[in-house]
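Chain naming follows the written order as A, B, C, D and E, and within any one chain the residues start at number 1.
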Amino acid sequence: MSWVLIALAAWVLGWWINTRLAAAPLARTRAGKLAVPVIFGLTVLVVWEGLVRGLDVSPVILPPPSAVLAALAGSLPVLWEDFVQTAVKGALSGYLIGCGAAFLTAILIDRSPFLQRGLLPVGNFVAALPIVGIAPIMVMWFGFDWQSKAAVVVVMVFFPMLVNTVAGLKASDHMQRDLMATWSASYGQSLLKLRLPAAMPFVFNGLKIASTLALIGAIVAEFFGSPTRGMGFRINASIGQLALDMIWAEIVVAAIAGSAFYGLVAMIEKRVTFWHPSQRH
Amino acid sequence: ADDVTLQLKWVTQAQFAGYYVAQAKGFYEAEGLNVTILPGGPDVAPTQVIAGGGADVVIDWMPSALAAREKGLALVNIAQPFKSSGMMLTCLKESGVAAPADFKGKTLGVWFGGNEYPFLNWMNKLGLKTDGTDVTVLKQGFNVDPLLQKQAACVSTMTYNEYWQVIDAGVAPEDLVTFKYEDEGVATLEDGLYVMEDKLADPAFEDKMVRFVRASMKGWKEAEANPDEAAMIVLENDATGAQTEGHQKRMMGEIAKLTAGSNGALDEADYQRTVDALMSGGSDPVITKAPEGAWTHQITDKALQ
Amino acid sequence: MKDTATSAPVIEAKNLNLVFETGDGPVQALKDVNLTINRGDFVSFIGPSGCGKTTFLRAIAALETPTGGTLTVNGMTPDQARQARAYGYVFQAAGLYPWRTIAGNIKLPLEIMGFSKAEQDERVNRVLELVELAGFGKKFPWQLSGGMQQRASIARALAFDADILLMDEPFGALDEIVRDRLNEEVLKLWARTGKTIGFVTHSIPEAVYLSTKIVVMSPRPGRITDVIDSPLPKERPLDIRDSRAFIEIAHRVREGLRAGHGDHE
Amino acid sequence: MKDTATSAPVIEAKNLNLVFETGDGPVQALKDVNLTINRGDFVSFIGPSGCGKTTFLRAIAALETPTGGTLTVNGMTPDQARQARAYGYVFQAAGLYPWRTIAGNIKLPLEIMGFSKAEQDERVNRVLELVELAGFGKKFPWQLSGGMQQRASIARALAFDADILLMDEPFGALDEIVRDRLNEEVLKLWARTGKTIGFVTHSIPEAVYLSTKIVVMSPRPGRITDVIDSPLPKERPLDIRDSRAFIEIAHRVREGLRAGHGDHE
Amino acid sequence: MRHVLPVLTVLIAIIALWYGAAVGLNRAWVYDQASRAGVEPASGLALVAETWNQERPVLPAPHQVAGELVKTTFGMAPTSKRSLVYHGWVTLSATLLGFVMGTVLGILLAVGILHNRAMDMSVMPWAIASQTIPILAIAPMIIVVLNSVGLQGLVPKAIISAYLSFFPVVVGMVKGLRSPDQMQLDLLKTYNASAGAAFWKLRLPASMPYLFTSLKVGMAASLVGAIVGELPTGAVAGLGARLLSGSYYGQTVQIWAALFAAAIVAAGMVMLIGLMERRTLRKMGMAR
């Protein structure tokens, strides 16, 4: 029971600190911007630990964060091997191929409104195909190693990226395009000097959406066949062994890697689209 | 009537015909039971379900149950309707596998999620490392595609199910080589009934289980006697509508071979063989010490008298 | 029509019509427009909101396609003239590219037209000076006030030597003083280079002060109601605006406008 | 200062300072501004772009907080005055809510201030008539021309009886003829209601024509360089603009502006 | 409709490619079968015909999928367990419940983020992190945990759906509620409007286009959630179960039919939202 009280107290304390912190001038500094979510996260962890212990939840249902941390620290080599297999080989390569292909396709169909009108509705339809359905097919086609995971990721990220890039290529306003016309700029020139720069905020929107999808796709695809390593494999195998601490350790790795990747894309976005009003304030 | 929830290890199919027959023929009702049968699937770990209180009794394979017990989940086998193991490795003849000695250098499909232990034990016995140096292990999905696509030389199959899927896919039996775990001497106990140890101490629960096992075994024997009818009962209970009559009838026939010879009571020799196999896992045994109290005749004794 | 002895028609519109097809029916933006603009003319367009001034300028620059009549630029179609890079166009809003610095924006047409690097830099500096923005080349557009952005966009149109300069309310957002100064600058530039200039404005004094020809338009459908040739000399100090002749023309323009305004805008 | 015998200070600024903290250092938008506006005054603010006109108006309406000096409105702080709903504000752009009809937009402040339904409808009709938009109440903003939108936004500010009307370049986007007409309307309204009006404009004639008091400002940092009390009578036909007195004031304003322009904006 | 012809063209191109791919991918099997039987493999048109009509093809031909779809939707009573209508409805009901839950949660979070700075700073990074967690991995745990507190059937699936659909709604609504420009906000300030009035009269109406866009994304995510949620409940019923059992028995035609059924359901729902969007926005005068 006391653990439950500790959890409650931690919640109140964390909330109080954050409210104070957010109101303070510190909140506008980089440290403040980092501290608030970190404190929020820590609060969640303490509450979780307290509730699991206090309510005596079986570790085969939900392990306490301390156990997860122990598993994390105790199996770093395995986690690293899984990470390389799934995140680097599967997700990253799929992300690069998928986003790159979508970007090129967007530029290719850019000149044909006919193709765009035809491809985008069909694209939206394909994007609605659930990955859990695509994954077994990809495993069947591309084998059980990382190539099939990359293929799933390619399918997942392709359409969000395509739709965003196509929208972005239309984003330059009329006057900016007319200006190019008065200079009699060639198609390539106006693409390079006007429409691609103007498309960047949209392109990055697509890249950000895709960045959260990629890792999930790779992990899920491993449920449908894989070599004996990889984050999805480990999670799947650990369920049978009731090693929930290991499952959560993998989930933590996935969340950190996913968030870090998202953050990285957001950072590059800030650099590239420095001129956009949303980046200025 | 007393409520009982049973968690199956897999989707609704003739593998679990006994319970569906008992349900359909009113055997449970006659014992004053109201039984809910929850189908399983590749994403369902019965051990986790029972730990979470989602079921009173689960069907699981003994390796996985014993591993869970060592993890601190006190599961107890109260009945063992399956006498023999139906697991085997099915290989394409053209891949050049004729005997276990040929596994070296090949890719083998294995089920994970708690079903990998018998395989690992066998490989250990053969002295083959599974980390890719001797054999390459492929975590196979739900089906036999890796074999049909020739991504693996052999895949895990059950005599009653996946083997027939290979056949149905158009591969002639002559083109296949099969290794039954039973024949290789590495068989472990499959579908048994498990409950939580602490609950067994409760006489009311014990009584409920006695009645449950009694009715279930009656169902099994009924199914063995009338396999076609049993298969149709299973078919009626399949909510996905994906099963076919032919496949289920054939499966029932195979299942009957595995349940034959069991009256429901666990054979201690079988249990010991399973434990020995699991403990002999070399550097990485499934269980590290002989389990205590992992099974009981408490229920079957009363149920079968 | 005094000292434009070198009169050669640069822009000729004959019975020009332009109809926009919109969701709820066609909109006649230009109706039977006849106008000749000679080399070296400074032509102002004035008229109530929505009368088709912008549309006419855009048609000249081949940004809109007339639906009737003929329009020639230097004897070519507007589109051929566009491909010959005959135009410098200043839009109503500045329309700078936010990801390029001011200098970068001015360089843009030069890059597209393939000027050499050295030439680019030299021209950028020259026009920046002309619009009094020297020293601001490295700033980004949003770091400048609205008026400065407007001037940068004028500089951009001046950087390459287009024969024909089309300006759509370029000084709309500026205060009177800056506006006066830029009016003087444009006049000087025009006198020096002999460019042909088309200029849209809402300000009567501005139109009269700048132009050799004032085109008064009326809306719905857009027609030319009056073309006034200015008797003012080419040399125009600011205080010419207090002269008799000036006030007379302004009056005539105002009357023309008022007539077109008969019905509420 | 002739017939404003009922002079009671409505807005009083004493040594007002306002500094914006920006990424690259502070920007002094207002410096030592001293100004008294009496009840019933029509005050125009004129000055080069970026001199702080908008900022001053915003400070009066409690949309910006001064960093020094005092500013009182009816003896209260601007924020208290805001809470007492003392202001009607017309922004530089029309700023209509696109999802509301013209009538709906005008109703907005009335809803917020809790007028009854019947009262709302009655007032909407009255002000629509006032700005000559009767019959357009059911249209959406984008179905109107820019000038009409601007008038709708003026109507919105007039719908509730704020004592103080603050208008930031309300006629910037209109052509001269429409502008003249609206100038007359505003003058009539002011004469009838005796409201206190603060009015920002770039047009010298407009400022002179409308105001009882013209405030000339200079930039960087924003200071008041001249406050001119107009001797023009309250009754002002449009052709008063050709009168001696008018031209003299206009000249004085222009001189004041030019002085402030000494350094480039 | 100016979309019909282009879409048709693209569809025809895809179908043609698809048929071609079916020949390529299914060919190996024909050869295998022939060599196992010790006969010459078919060639030319006979080969093509064989690759397009296999029992368990690697890639089923379009007509096989279409046939299965038609057979299982129109060919049987909607209440039959073999009817896709039945399974589609099972999935759809969880999708809709989850969608409603996720949307409400998303909007509440967005309102909280808007009005509370601490929430703004702490919730967003974690909302992003939450979406990087592989849902399929924790779905079984969610099901088990909910099961242990007595929740079964529709609700757990809906919760997983909601987990996936709240995120696009939060992101879109935060953006939408913040979309009014400074002038629009200042206007209300001059009226001394309360935060509530600002929300109802300005922020909410201004956020409508964003809301509908995120609802469309959220609906698709919801459907994926419902399907994922069906896997660990034991393949009982629903399109997910259909996918799974199809996969389990290697019935590719059934997988593809279920896949298309899911996409059709999603597209239908998204179209419905689009319809509501157009009606609402037109009423608000925002659609021209």
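Here is the rule we go by: contacts are C-beta pairs under 8 Å (C-beta built on N, C-alpha and C of every residue); 3 or more make two chains touch, one makes a residue touch a chain.
Small disclaimer: the values here were computed from a predicted structure and weren't measured.
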Given chain B and chain D, the chains that contact each of them: E
Each chain counted as touching chain A and chain D at once: C, E
Pair joined by the larger number of C-beta contacts - D-E, A-E: A-E
Whole-Å gap separating chain C and chain D, where each centre is the average of the chain's CA atoms: 31
Centre-of-Cα separation between chain C and chain A, whole angstrom: 50
Length of the line joining the C-alpha centres of chain A and chain B, rounded to whole Å: 38
Geometric centre distance via CA averages, chain E-chain B, whole Å: 35
Residues of chain D whose C-beta touches two or more other chains: none
In chain E, residues with contacts to at least two other chains: 58, 136, 140-141, 144-145, 148, 231, 247, 288
Overlap residues in chain B, where contacts from two or more other chains coincide: 42-43, 45, 48, 51-52, 141-142, 145, 149
Chains grouped in pairs wherever the two touch, ordered by label: A-B, A-C, A-E, B-E, C-D, D-E
Touching residues on chain C, where the partner in the complex is chain A: 58, 61-63, 82-85, 87-89, 91, 93, 95, 97-99, 108-109, 111-113, 140, 142, 160
Contacting residues of chain A [partner chain B, same complex]: 58-61, 136, 139-140, 143-144, 222-228, 233, 236-237, 239-243
Chain A - residues contacting chain E, complex: 15, 18-19, 21-23, 27, 33, 36-37, 39-41, 44, 61-62, 114-119, 121-122, 124-134, 136-137, 140-141, 212, 215-216, 219-220, 223-224, 231-232, 235, 239, 244, 247, 250-251, 254-255, 257-259, 261-262
Chain E residues within the chain A interface of the complex: 2-3, 5-11, 14, 25, 58-59, 116-118, 120-126, 128-138, 140-141, 144-145, 148, 220, 223-224, 227-228, 231, 240, 243, 247, 252, 255, 258-260, 262-263, 266-267, 270
Complex interface listing, chain B residues touching chain A: 42-43, 45, 47-48, 51-52, 64, 67-68, 71-73, 112-116, 130-131, 136-142, 145-146, 149, 151
